[in-house]
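What follows is a pair of complexes built around chain A, which joins chain B in one and chain C in the other.
And now, the complex of A and B:
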């Protein structure tokens, strides 16, 4: 498999009024060509910030270090001008809230033509033609009517399809989908996820799917990364992760999913997500971990390959030895 | 906007009764202003020729709005006054918008040092009592209508800057701006496409309301001898001069005052409907 994106030792801090917030604490992950990589974790664990780091759309109080290698170049070293070419053309993004992701004042036509003309040298008619093709590709019936509509005249699912069509307008090699279905109801969720998978086959791009919904992960992803408080704690193929979770946090997450077949009480993780202003030293999960050892308080475990293609960052599996 | 959209907006404006009234009044004012020399019964008096034999006569068939302290026909002077008043209203607000809107967009969107510098400058401007600043600038520039317009416009822009800066600050956090950024759209295009169109409607409303205030403040400058110079006919100037006569000769300040009142209302009516048309979500109810 070919590597498309590789994030190496990504550290990200925000200077805030209350002090430095240590948001990403050495993130390592790789995304291969033509795969769907799921990034799961609780709210505030750094999923979205990771995707914003890839696109370099961070607020000015951010301090970033590490490497984000995309198609052979380190995105962190590119100028803003070079980055603008990457955004949209190579990496594009679908956001969480389709209801407000379109400018309410302009017709879909105007907004799509704007974006298409931005990266392609096209006349308005050609751009309009391209917009129609894209809308057909995302299975929207009657593209002509959609193009003449304002955003408020479309439903949430339709708007998310328009957003996906926009994201695909330049054949990106990576599509970042940041909780693309959170704001939609369940039947539409399924349709949108299926659509993304279908388009992936058709247009050959990789997907970084950010979500907090393990059900979505199980349905759509090839590989999964689990994030906790700014660290990747485990990466594995989807079946492997669900059958054989290694990290205590992953185990906790999986046992917190209700299962209607067995009416056993849910086992929630004890404790709370730590403050990123004063994160716990060593392994950031240690205050909540049932298997805590003295070394966990002192040393941050490294992400090691425990079995083939199954990575984990935990001292239980010798994360400190390498 | 395309031609058919302009036509549609006009249709909506005309279909709404109140805005139709506003449009009619503004059109009448415009026609009055353009054809003043032919409409006014005594054009030479409107231009200032005294007629001391008919001082302060009440309204009659000869002088519909009565005469002023120099015996001049008030109706003729009100008709001529429409020229000055419309000119002042439109140019003061336009000048304020030209300076204020770009600065507000820049401050709100860019933030940081640029924001601080621009907003503290507006604070300096707004810390003067409104008329005093216009007065100061006016005195520096010298008397005359053009200078009064410049003085008012220059003291007016901070209001628009503040208004639009506040809108821009909240709009730049909108998901569609984030989306635009993620697609590599430049900051200038984002400001032009996303921030400005979404921020402009309260400014349009404020601007139409301000046209009335601009007329009043310009007349205050005239009253102090800085703006329009007598004997030029100006509504504000006529109200200022006529207010001393209000108790005994009510028609003298009342008719020019009414003219100001009706003009301000007409701009407000049109402004309100415009605001609703500019927002497609509200436009639905007209279709």
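And now, the complex of A and C:
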């Protein structure tokens, strides 16, 4: 498999009024060509901020270190001008709330043509033609009517399709989808996820799908990374992860979610997600872990390959060695 | 068992004008003829997509909206038109818990005052002792009393909202998406807490949700709503293992299953289109615009309820006939 993106030892801190927030604590992950990689975790685990780091869309109080290698170049070393070419042309993004990513004051037509012209040397007519093709590609009926509409005249599902159409306007090699269906109903969620998978086959891009929903992960992803409080705690193929979860946090998450097929007892994780202003030392999961050992409080476990293509960061599996 | 809540042909219409100065007033039929009953100690889940009228139904039962038509019975008494002075006493036994715990708690009050507020009505000798007791019953500690809502986590805020609702010793609680703002690990804590409280105090729940996995876990009976009407109602096993309405089937098919092996086994069925605007609902069966089995009859005639098995009602012309 060919590597498309590789994140190595990514650390990210935010200077805040209350002190330093240690948001990413050495993230390592790889995304291959033509795969759907799911990044799961709860609120505040750093999954969205990881995607923002890839696109360098971070606020000015951020301090970042590490490497983000995309198609052979380190994105953290690029100038803003070079980054602009990457964004949109090579890496596109779809956000959670399609209403706030579209400008309510302009017609879809204006917004699409503007974006297409920004990156392509095209006349207005050509750009409009391209916009129509894109809307057809995302299965929107009656593209002419959509182009003449304002965002509020479209439903949530239609707006999200417009956002996907925009994201695809330059044949990106990576599509980052940050909770693309969280604001939508389940029936619409299914339509949008199936659309993304369909378009992926058609346009040959990789997908980084950020979500908190393990059901969505099971249905759409090829590989999964589980994040907790700024760390990747486990990476595996999707079937392996659900069948043989190694990290206590992954195990906890899986036994805390209800299953629509039958009623099973839920075992909640105890406690809450820690504050990133004062993260627990050592393994950040240790205050909530049932297998806590003395070493967990002192030493941060490394992400090691426990079995083939199954990585875990936990002292139970020898994460402290090497 | 006896009934706690009975709703007969409940309607709630909201008037609106298409143009600001138009004389013609139209009605948005948010709840359009809903009937069901909930036994004491039972949980009925009300499921539907955005705009299906599930929240409006919950609020109308508590008379947070005055019903346009139909009847509501609480513990055998007709409360539909009961004068407010008399209703106040009964209303105390009915509580509601909302989706977003933060916006249902006053940010300028500490937890003690938030929970004590409804207790003042009940003339407790020692309100503080009662607050501590309530906090402990929802898994919080005495120390939380002097904190403010923004100092505690979302899960803890929802626990405070539950404690406040419990203070007046309710019998019936409407839970409006109580876990959809919470993370999965915390969601499981709250669901377990709600179950435990029900077992201990024999609460009756109306659980409003769009999350079918959660519904399968918490409820005994389920009602599926679409455009202000109940399309199918039955026990949780009847609805999940033997769904008869095409809408219920497609809705269940859309729910993501947390098991990667499952996706290969299933047929790929997608529910096409989106829920039509309730301002302009389709004629005949409200679901006909999206139904894969639609026949001419569905476009003209609204189907009645068919009892396909005991206690399992389906509002479809072809109930029991669809493969």
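The rule is short, and it goes like this: the second predicted complex is superposed on the first by the 317 of 322 C-alpha atoms of A that agree within 3 Å, B and C clash if a C-alpha of one lies under 4 Å from a C-alpha of the other, contacts with A are read in each partner's own complex, and residues count from 1 in each chain.
Here is the rule we use: a contact is a pair of C-beta atoms (placed from the backbone, for glycine too) under 8 Å apart; a residue touches a chain by one contact, two chains touch by 3 or more.
Note that the coordinates shown come from a computational prediction; the quantities given were computed from them, not determined experimentally.
Applying the stated clash criterion after superposition on chain A shows that chain B and chain C can sit side by side.
In the superposition on chain A, contact is made by A:84 with chain B only, not with chain C.
In the superposition on chain A, A:93 contacts chain B only, with no contact to chain C.
In the superposed pair of complexes, A:258 makes contact with chain C only, with no contact to chain B. When the two structures are aligned on the shared chain, A:48 is found in touch with neither chain B nor chain C.
By the touch criterion defined above, A:267 reaches chain C but does not reach chain B.
Touching more residues of chain A than its counterpart among chain B and chain C is C. Of the two partner chains placed by superposition, only chain C is touched by A:219; chain B is not. Once both structures are fitted onto chain A, a short way to say it is that chain B and chain C open up an angle of 80° at chain A, using Cα centres and rounding to the nearest 10. In the superposition on chain A, A:28 makes contact with neither chain B nor chain C. Superposed on chain A, the gap between chain B and chain C at their nearest CA atoms measures out to 6 angstrom in whole units. Comparing which residues of chain A touch chain B with which touch chain C, the overlap is empty. Every residue of chain A that touches chain B in the complex is listed here, in rising order: 55, 57, 60, 83-89, 92-93, 95-97, 100-106, 114-115, 118-119, 150, 152, 163, 166-167. Only residues 112, 174-176, 178-179, 181-186, 189, 193-194, 197-198, 278-281, 284 of chain B touch chain A when the two sit together in their complex.
Taken together, the chain A residues at the contact with chain C in this complex read 42-43, 155-158, 185-191, 194, 212-219, 238-239, 242-243, 252-254, 256-264, 266-269, 272-273. Against chain A, in their complex, chain C makes its touches with residues 49-50, 153-156, 183-189, 191-192, 210-214, 216-217, 236, 240, 250-263, 268, 270-272, 274-275.
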